[in-house]
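Here it is, the structure in full.
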Amino acid sequence: MYELTIITEFEAAHQLPDYPGKCSRLHGHNWKVEVTVCGQELNHLGMVMDFKDLKAEVGKVVDTLDHYYLNDLPAFKSTNPTAEYIAKYIYDTLANNSVFQQGISIRCVQVWESPRSAVKYCPQE
Amino acid sequence: MYELTIITEFEAAHQLPDYPGKCSRLHGHNWKVEVTVCGQELNHLGMVMDFKDLKAEVGKVVDTLDHYYLNDLPAFKSTNPTAEYIAKYIYDTLANNSVFQQGISIRCVQVWESPRSAVKYCPQE
Amino acid sequence: MYELTIITEFEAAHQLPDYPGKCSRLHGHNWKVEVTVCGQELNHLGMVMDFKDLKAEVGKVVDTLDHYYLNDLPAFKSTNPTAEYIAKYIYDTLANNSVFQQGISIRCVQVWESPRSAVKYCPQE
């Protein structure tokens, strides 16, 4: 199997109102996002898919988070905007995207809330 | 499944007495440690577990290695303090820790002996 | 299971003649290569295998790519030198290498074409 991974970032504000500590305050992060797709076959160019196309699709999703107050967004209406739910939101949005051709699937989304703290969402594992 | 990963470091001295080369000399490293835990469910805050709690537990284990001569420690009485056995020691110590709640388990521990050399211990794979 | 990962780099030129865009032009990259081998057992030194030996074997393969025009090489006679086929070439060459002892196998090769774009080849997954 081949796995393609691309990395991007977004900056946003959030808070976890019912958290017993500093995270309950309004604050923010530079989140780093790693998206991995996989496929068994290569196309006539020798690629699972074009990095450029993958970056464009991920970019559209990340644009819905970048420089927003996450708690205000529809995606986090009923959940806290934790790294867990941010990863799940990005994964679910991409998984419903018809741009990915047959034979290519999203494998996981990893969200780094700091250079030392990450959550990976891999629903198939 | 969700995976949480946190990164920390420790600095220590070690030597591999029966190694046929430079590693037999007393030397040291800055080891980077990546600990990954996993869980299927999120708690009421939207987390597998608090990064802060995971860092605290890993910190307790890493404190037993930091700024020591590893060959002198009980953990390496009968084995060489290689990256392999360091990863296994951290994993085993965490796996026996009752702080991790039901439904959360240690998945793997990766120890970087240099920015280009790592060992990952994943006993369940 | 234990996994050993080592990281190295090579610099080379390539082009994808039939690609509809900039990659069809002659250009080049600093490719970063991560090779992972795995084993269940540790030897008498407490290692899956010596990092030094793994680096030496990977170095021999990477030397066949470093500072070449990849499209000219026998390895890419019938395929484009994409990150996908570069990862597969490194994996296949290492997998046929008798230096790896019984019980140690190549798990995957990940090739970073930029700090934000990678392909991992894992034929066993």
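Labels for the chains are A, B and C, by order of writing; each one numbers its residues from 1.
The definition used in the following text is that a residue touches a chain if its C-beta (ideal position, glycine included) is under 8 Å from a C-beta of that chain, and two chains touch if they have at least 3 such contacts.
Molecules present, by chain and UniProt name: A, B, C = 6-carboxy-5,6,7,8-tetrahydropterin synthase.
Just so it is clear, the model here is predicted, and its values are computed rather than measured.
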item: Chain-level touch network, classified as line, ring, star, complete or other; value: complete
item: Fitted rotation between chain B and its twin chain C in degrees, CA, nearest 5; value: 120
item: Interface sides of chain A and chain C: same vs different residues, half threshold; value: different
item: Between chain A and chain C, centroid-to-centroid distance (C-alpha), Å; value: 27
item: Multi-partner residues of chain C (each touching 2 or more other chains); value: none
item: Chain A partner contacts - residues on chain C that touch it in the complex; value: 16, 18-19, 21, 79-82, 84-85, 87, 110, 113, 115-123, 125
item: Chain C residues within the chain B interface of the complex; value: 1-8, 42, 44-48, 51-52, 55
